[in-house]
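Following are the structures in question.
Two complexes follow with chain A in common, the first pairing it with chain B and the second with chain C.
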Partner chain A sequence: MKKKNGIGLLGTIFFSVLAALYMYPIVMVVLNSLKVETAISTSGAFELPTGETFAGLTNFVSAISSQGFLKSLFYSVFITVTSVGLILLCCSMCAWYINRVHNLISKLMYLLCAFSMVVPFQMVMFTLSNTADKLDIFGLRFNNPYTICFIYLGFGAGLAVFMFSGFMKSIPLEIEEAAMIDGCSPLQIYFKIVLPILKPTMISVGVLEAMWVWNDYLLPTLVLDIKKYRTIPMLIQYFRGSYGKVEMGPMMACIVMTVLPIVIIYIAGQKHIIKGVLDGSVKG
Partner chain B sequence: MEKALKRWFPLFVLPTLVAFIIGFIWPFIQGVYLSFCQFTTIDRTTFVGVQNYVNAFQDAEFGSAFRFTVSFAVVSTILINVLAFLLALALTQKMRGTNIFRTVFFMPNLIGGIVLGYIWQILINAVLSNLGQPLLALNSKAGYWGIIILMCWQQIGYMMIIYISGLQNVPGDLIEAASIDGATPLQTLFKIKLPMVMPSITICLFLTITNSFKLFDQNLALTAGEPAHATEMLALNIYNTFYFRAGPQWKGIGQAKAVIFFVLVVAIALIQLRATRSKEVQQ
Partner chain C sequence: MASVTLKNIRKVYPNNEKKKKSKKGEPVKKTNLKVTKEGVLAVDDFNLEIADKEFIVLVGPSGCGKSTLLRMVAGLEEISGGDLFINDVHMNNVAPKDRDIAMVFQSYALYPHMTVYDNMAFPLKLQKMDKAQIDKLVREAAETLDITQYLERKPKALSGGQRQRVAIGRAIVRNPKVLLMDEPLSNLDAKLRNQMRAEIIKLRKRIDTTFIYVTHDQTEAMTLGDRIVIMKDGVVQQVGTPQELFDHPINLFVAGFIGMPRMNVFDAELIKDGGKYAVKMGKVVVDLDEEKQARLAAKRVEPQSITLGVRPEHLTLESTGGPMLHGTVDVYEMMGSEIHYHVTVEGKDVIIIVPTIGMKDVVPMGSDIPFTFGGNVVHIFEKEKGTNLEF
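Then we have the complex of A and B:
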């Protein structure tokens, strides 16, 4: 039952103002990204671009052409999509196995996955980046954007296996047994029965892992060669590094081009994203 | 079925297991071992016992990072949870536009820490320079409150969503019964709603405390520990110990700090979970 005497119109006005203030930092960056380089100053960040200081899209053009934004975008998108795809497929298969086969490995795997979720990254930071640098499996190295996805699979496995396992317990065993009697192999059972049932959880896990991989800064910085490969968070940090004067205009443009797609994806898939975050928070 | 599935171990489990060993288990074990060694690369290590731990505890910067982190975690956890709960209460009332407001307040949570850090650095520096105050790089007080404001901005929406879903699960007949018995709205809040959303409070406290302790990206992007390590938090301190301190002993000390940090995070999470779990009521 909702209260009848809600806070009504006054509340709507109050929260509209609050929401506008809440969005201001993003609006401010958008406005500054439209100014010419000389007009962007520390104290003048609040000023609106005027006729003289309006730069159009030049900052965006220079961010794309000279700062390598598109390349970074490609690496970020590639790493996120591949890692999340790998995590969803491999971890759901693994979770199914350890929930159906009861032996020591299954139990151990589950406990270690739960454990890995509380371990801070700094604990394995140095050794992991060293392993990724040195490890060489038949010429396969892990220090480029194409194989770093495997590292993400390992580090993201904890949350994914844990969440899939939680959901797996509610799937009735009878369906799978019936399929077994009808002559399905485990692989067929997995793809034809388990996977479709898992779909809502897949989306939730996918949302959580994608948010993490997309925004992750430290792992790619330590593992990848920053001169060759930069993901978007690395690019923005690199901008400010000790490489001469910071060009504020293109940097603002970069931030805008990073934030806007997230906002658009969020508005389009809001339902799934909020459900994913809620599902993920239950792990606590 | 168990038997048939068992043979498929290499396909179902092995990829995840191998990646998990490479990405987590092996680095973790190696990390624990290396915290007892002096080393500059992993191949050249000499066992030094607990010397690294002794040095880590004697490192003044580590101590100040610890104090800074604790004070930040306490203030930000309280602020985030109180504000998020109030927002959730307001946005579950009958009012136009609640869905849009929820959408807006949740949004910052999706933007990465590095980007958030820079957005707020620009904003806070603009405010400071208009007030004639020293900028973030020289102003540790502004740095401290800057990180708190930033984290509030990012996390309030997230916690609000969890509180909203908790509040929506409070059975309507309970509230109705209370109002028939003559409970004031304030009494309903403290005697019914709060106890009923205790599971949400557990989750939110857990998330905000561990997030505060593990905070790295925002700290690096907003202040980078300036001025003179005064706004450096534990995670950033460990990172700097590893990569920006000259001398062969620092990598070992960094690893020892990381182990201390890990034990601390786990201990806090366990204590906090136990404390709030005991206050939950059965529905």
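Then we have the complex of A and C:
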């Protein structure tokens, strides 16, 4: 018993230190977003804001007004919402098909999705950005924020299909058969029965995918026309002006504003994330 | 409220056994299902006329094809061959939702995200019925099944019995032509099962529709069915009323399946003495009654070695004056109104049921027990095929 307590105490100390180390940069960013420029670029960067160095919300105002923050916010929100919406809808349908129809195509689809999780993005990024630049389907092009969601759908599908089909296995087929007898068409079965049952998994997949799309820097940088469209992660680096000048204050403020929504979403959906991930793995 | 006609119904599943064998390197599980070139025959040449408002019970051991048949009637399984008619309308290619049937599943299959009320209202909402009408019908059905107080609960907050009531409620609320039930009581404990069985009998009087009920439990089959269909390996063995099946089983399988405890079987000889049939076991000769004499004579049955079936309750310890059969009591079970003797007779297990009323003494375990039977209660089966020689 005693020994166990000792290990427990050591563990608590170790993980507390680890948590503090993880939190440290975030706290730094938040503190510095409230300081004047000179206090950040000198050794005062590691100090708490004092009466002299406290800048109030000026950094935030400057971040919003100087580099077209609102426009970027719109692009980021639009891309995140459409991509996550598309991923949730298409991938849950795909997982439903994979689970309910047993043939070579469904097996192949599942393997492809699992495989796509293994392939690193860096391996395909140049071919992808090239294709996105050149592809033109009856005037529909993929190098703008309105269609980039299709590329996200492709990259997000692996994890989403994997998680959905894990949970889908725990839904008894009889429920769908009962709905079929009660008078549902396949689409009605999906929207009235399967989708509501999938809600916890939807939330967990949604939060995970939203975090990824919102924070993604590489894909929009490669695919979008940088001069016209900037998502927030892209925007942050434009606070780095020419000749090595960096507007640290507004940059920090911008980072805080970027991180905040996704932290809120994560906290709100946290309960479901753990449940959703477990549902898929344990029950399946 | 409809008649159902099944004509030469067949169900063939693709045969995947060979592939499995080569994959795992394990021996293939042997089943008695027929394997043809097309695949595994789950239901073979099934013919049945179900009258309007009849309660039909499909019964048989696991894997006999009874659930498959029910699912074909429901439209959940494709019919490989033959014709299905509901009210003389050909239904083979009609979607389940257009067949006007309802089904109760073994696992209840309630919609977990809906309340009991919504579960029951769901089929009516899909029919685009108006809200007042839906409310009236749901409350009526809930009243019938005594679940009104649970209407606002979710299924997970209900017990097994209550869930099954809700499932039945969802099925009866839209007044279907045919009500299908797939082992609805199998998930309940013994006490609840007895209670629900009685409920189903009552329910049947109230809703008055055609029932097709699948079970592997012979007690359910006997107590619920107007007629029982006994199946084995996808083939119908016998169709008849519970009493017919009990009194005149067409073969050894039916004889063993119907009746609790199961029928005792003995090796015996069918003999003909002066134009009269009798059965002979060792020194014991029992003359058959006139009804059996007439049937055997009409079929011109020759004297031969037979398998003799006698139900446990038809064996008696009362002496008839002649020689008796002898066995050794292994165990006896005191049931209160009767006593069950488990007896070994020439290496075979035999059960004798003796009523306790008027019984003198219990025969102790390990001692010899003399017993016999009358000529009116025996069933005579052909030795090889097990078919009843009387029919």
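We adopt the following convention: the second predicted complex is superposed on the first by the 232 of 284 C-alpha atoms of A that agree within 3 Å, B and C clash if a C-alpha of one lies under 4 Å from a C-alpha of the other, contacts with A are read in each partner's own complex, and residues count from 1 in each chain.
Basically, contacts are C-beta pairs under 8 Å (C-beta built on N, C-alpha and C of every residue); 3 or more make two chains touch, one makes a residue touch a chain.
Values in this document were obtained by computation on a predicted structure and should not be read as measured data.
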In the superposition, chain B vs chain C on chain A residues touched: B
Which of chain B and chain C A:Ile105 touches, first, second, both or neither: first
Contacts of A:Ile273 with chain B and chain C, given as first, second, both or neither: first
Which of chain B and chain C A:Ser170 touches, first, second, both or neither: neither
Chain B versus chain C as contact partner of A:Thr50, first or second or both or neither: neither
Touching partner for A:Ile151 - first (chain B), second (chain C), both, neither: first
Touching partner for A:Asn32 - first (chain B), second (chain C), both, neither: first
Residues of chain A that lie at the interface with chain B and also at the interface with chain C: 177, 180, 185
Interfacial residue positions of chain A with respect to chain C in the complex: 172, 174-175, 177-185, 188, 193, 196-197, 199
Chain C to chain A touching residues, read off their complex: 74-76, 96-97, 101-103, 105-107, 109-113, 122-123, 126-127, 170
Contact set on chain B toward chain A in their complex: 1-2, 4-6, 8-9, 11-13, 15-28, 30-31, 34, 41-42, 90-97, 100-101, 103-115, 118-120, 122-123, 125-126, 129-130, 135, 153, 158, 161-162, 165, 172-173, 175-176, 202-204, 206-207, 210, 213-214, 216-217, 220-221, 234-235, 238-239, 242, 251, 254-255, 258-259, 261-262, 265-266, 269, 273
Touching residues on chain A, where the partner in the complex is chain B: 1-4, 6-9, 11-12, 15-16, 18-19, 22-23, 25-26, 28-29, 32, 42-46, 90-91, 93-94, 96-98, 100-102, 105, 109, 112-113, 116, 118-128, 130-131, 134-135, 142, 150-155, 157-158, 161, 173, 176-177, 180, 185-187, 190, 211, 214-218, 233, 236-237, 240, 251, 255, 258-259, 262-263, 266-267, 270, 273-274, 277-278, 281-282, 284
